[in-house]
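Take a look at these structures.
In the two complexes that follow, chain A is the common piece, with chain B as its partner first and chain C second.
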Partner chain A sequence: MKSVITWFRNNRVLVSWLIPVIVLVVAIAFPYFIMKPKFWVPNIGIKTIWLGISAMSLTFLNRYLGLLSLAQVAVSAMSAYGIASAMVTFGLDWYIAIPIGLAVGTLLAAIIAIISIRTVAIYFLMITLAISQVIYSWVSQEVFVNGRRGLAPVRRPEFLLEMNNFYFFALAIAVFAYLACRYVASTPFGLSLEGIKDSPDRMRALGYSVSKYRFWAITFAGFIASLAGIIMVFDRAQADPDIVSLNSTLDVLIVAVLGGVTSIGGVFLGGLVFTLLDNFASDFTDRSMTLTGVIFVLILLFAPKGLTGVWEQLKGVFKKPSSSGAAKDLKTIAKEAVDTSSAKTKGKNQ
Partner chain B sequence: MTSEQLFQIFLNGITLASVYFLVASGLTLIFGLMRVITMAHGTSYLLGGYFGFSVASATGNWYLAALVAAAIVGILGLIIHQVLIHKFQNDDLRVALITLGVAFIGTDLMAATYGGDAYQVPAPSNWLGTVVLPFAGSYSLQRLIIILISIIIGVALWLLISKTRYGAIVRAGVDDSQMTAATGVNTRVIFASIFLLGSALAGFAGVANGTLFTLLPGQDGTFLLYSLVVVIVGGMGSIPGAALGALLVGLVSQFGLYFAPTYATVFTFALMVIVLAVRPQGIMGKVRL
Partner chain C sequence: MAISTTPALEISEISRRFGGLRAIKSANASIAQGERVSIIGTNGAGKSTLFNVIAGLFPPHSGYIKLFGEEITHLPPSKRARKGLARTFQISKLFSSLSVIENVYIALKQTKYAGASLMLRKTKGNRWDRARELVEQVGLASKMDTIVDELSHGEQRQLELAMAMALEPKLLMLDEPAAGLSKAERESLTKMLLELDPEITLLLIEHDMEIALRVASRVIVMHDGEQVFEGTPSEIKASQLVRDIYLGGSIDDD
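Let's look at the complex of A and B:
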């Protein structure tokens, strides 16, 4: 037993890939071991994936930049609108429509980045919320995208007509998005982002252009959110203003919070819980929204790192008695002192 | 378009601004002191409106309805602050998310109780009718009364914050809450009282808007958004800023509605984007270090 634990400690990098691989294996097997694949694959599987990817772009920004963006859904939706208008309005093929959608979404993210680059913390949250509302009211009235009725039908390409194929296509995009986020986070760029998150002033003093880094991070997250738009538009078979509405924005926020707002992969767990609640809560309660709200608040109160953080929290609970009994060594005391003082200065900066 | 129409639109803008101001002043007070945004503010607004409707239609007394609605919503806000927010006051994003969760619950429970119907709070009978004004022609009396009430409330708030001892403590708390606590002020009581006051103002705004227009499900979201815009434009934490922001938002949305109805909402938010791009702290906001 002890040797297993030491192995885990010594191979942190390997272990950090263990859970994603297990999740991926389960996700691949998923359509084959469920009872009613016709219901589960589209309503739970595919929906979890696109909600998750959209939420992933949110958690990426939150984890590496410390910014909570509520415009990610708008970016996904604009990517979906890009694909829909290319296919429905202009009659283009899917392999041309998808790059157009990605370009539209990523471009929107870049514009959002330019507008919001000077704002931080709660201001950033509000300005992104406002931007997504502007987009909502614009698409509801714009003739070019057919106003309230939206663009339909967006037909899936031939090779995706089979539901399982579509599911694996979505899964492949999810894997790509996850790897892209982890890769970017591990590059010098990603490390600089974390530096900016912890202390923008210090990074500025070191000669980093904070705004430039923020701009590219928001644009990259926009690209990830645009990937979600591809699956979303083919899943819904249309693009309508509902996908930019406040409710959709909040859905993705709920997914991110359930999974853990600092976790890149946890969003899929959050998405799964959310879609399950969405589909089955109405079976045993009339007030499914209240139930979701209560779970949301409870998680924020007791598990701020989301469902994926619960394990870490439990470990902390079991560890405590042993460390409090023994005398603290100097190193821990010093570390704690540094932690609290840096937490204080951080609070002041905000 | 005649100049009379122009004045009518102007007055409509002021009317809307007075309701926005009532909602946003609570938000700005809470933010100014605690650096947190309560996303349940729109819920407080709509709940106040619904309570006002229930009491006013049961008793026929508008003043009692406004008082009861403000009191109940204020106390609910106080409970939410004590139970859910107080512990996490230093973590603004977490507070925003927790109060958002409260808003989900509130929206759902209000929909369960009041359904999807539109309600109007019955106004006192002597408020009905119109008044002839110079330039603008005749204008609804109750709108003018609501405008007057919110001006009175605005001035009272401003006096409270800038001229009284309580206000001095609040301002000290805004600048440095730890230092204020060290001088012997019980900041927890101050925080709680501001939360009570802010929520009560939102509750009263619900009654005011429910009297002039209608109460609908979904308004909690729109009013939260608009009051956020007002507060961002005016500058967080400043009462005169909230008044200025409300005026700008009210006028822009009313004139926008007249000249380019399709883009009225876009104009309002564009206003915010411009202000933030030029002056991220809002027109009357202070730069904080």
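Let's look at the complex of A and C:
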């Protein structure tokens, strides 16, 4: 048992990949072991994935830049709109429409970055919320995107008509988004972002141009959010103002918080819990929203770091104070005692 | 070693107001390359304001600042840093969720865009070796991988210094480095400052007279936003005016 624990300690990098790999294996097996795949694969599986990716872009910004953005859903939605107008309005093929959608979403994120780059904390949150609301009213009234009715039908390409194929397509995008986020986080650029999160003033004093780093991070997160738009638009088969509404924005925020807004992979757990509640809360009670709300509040109360933080919390409960840590403390205490006594004698000599 | 005659830092007619308060009335100084200068004064004398104006945190309302002969009055802090000006912060602004070595790694002088690199981060290599060396120099070798949040106040001050040194500065500005340190920690700080590379120009703002006088070759005394006295440490010690300021005696304006 002890050797197992030491192995885990010595192979932190390997361990950090263990859970993602297990989750991926379960996710691949998922369509084959559930009872009613026709219901579960689209309503739980695929929805969890696109909510999760959209929430992942929010979580990335929060974890590595310390900014909470409410415009990520708007970015996903604009990517969806880009694909929808390319296919419905211009009759283009899916393989041209998808890059257009990604470009539209990422470009929007870059514009949002330019507008919001000098704000932090609550002001950043308010600006991004305002931008997403502006986009909502714009698409509701704009003739080009067919106003309130939206653009339909967005047909899935031939090879995605089979529901399982579409599910695996979505899963592949999720894996790509996850790897992209983890890769960026483990570059010097990622470390610089964490520096900016902790102390932007210090970064400036060290010669970093904080605004440029923020710009590229927000644009990158926008690209991730745009990936969610691909799945979103093919899943709904249309792009309509509802996907930019305040409700959708809050859904993704809830998913991110449930997963723990500091865990890149946790968003999928958050997405799963959210879609389960969304689909099944009404089976237990007529007041399904109340039940969802109560569960949300309970999670916030008892797992403030989200569902992925529960593991850390449990470790904290069962962890014995390590002996080496205690020894260190004694050492520092002794050193400090010596310091103060030497200070006293010096004072006397003077 | 040829020392050029261009001063490392030249400030002229600098003034700065905060609303109706004139924090600095008119500051003039010229610091030669490699010189060690302390600015001392009581709380509210304007020394921190002057420090922040030089570092670029806010612009002066009049006057100019030159760094090695080049005007930097309106440059942002990041550009000043790239021209060789490093500073420490009085209230610690370290990267609290990162480890000691990571803090210094980020602070290392930038080869162009190194901090924006999208290559996978290595745990070995020249830059890490250099960071490790700096951590050892300030006496934090045993805390290499400790998260900064868990360091004591004194250790955080040591890390501040390592990070400023990591920039390979030509002008090093220290903002009350001894604040809150124990006697022993002050002693090792003084020793570290005395052993600094003689080519580095040092500008020190210090409330603690002892360190300010031991480290510097020239001391500027500020009071009420003005420079009231300037001299060598021994002249400062002998000055009745300085004694009055520090003991709270009244001074005449002339």
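Quick notes on this one:
The rule is short, and it goes like this: the second predicted complex is superposed on the first by the 320 of 350 C-alpha atoms of A that agree within 3 Å, B and C clash if a C-alpha of one lies under 4 Å from a C-alpha of the other, contacts with A are read in each partner's own complex, and residues count from 1 in each chain.
FYI, contacts are C-beta pairs under 8 Å (C-beta built on N, C-alpha and C of every residue); 3 or more make two chains touch, one makes a residue touch a chain.
All values derive from a computational prediction rather than experimental measurement.
By the document's definition of touching, of the two partners only chain C reaches A:201; chain B does not. When the two structures are aligned on the shared chain, A:91 is found in touch with neither chain B nor chain C. For the contact definition in use here, the chain B contact set and the chain C contact set of chain A share no residue. By the touch rule above, chain A contacts chain C in their complex via residues 183-184, 186-192, 194-195, 197-199, 201-210, 212-213, 216, 332, 336, 338-340, 342-343, 346. Residues of chain B touching chain A in their complex: 35-37, 84, 90, 92-94, 96-98, 100-105, 107-109, 112, 221, 225, 228-229, 232, 262-263, 265-266, 269-270, 272-273, 276-277, 280, 289.
The touching residues of chain C, counted against chain A in their complex, run 55, 57, 76-79, 81-82, 86-87, 89, 93-98, 102, 105-107, 109-110, 114-121, 152, 163, 167, 182-185. By the touch criterion given at the top, residues 68, 115-116, 118-119, 121-123, 125-127, 129-131, 133-134, 137-138, 141, 246, 250, 253, 257, 261, 286-287, 289-290, 292-294, 296-297, 300-301, 304, 347-348, 350 of chain A touch chain B in their complex.
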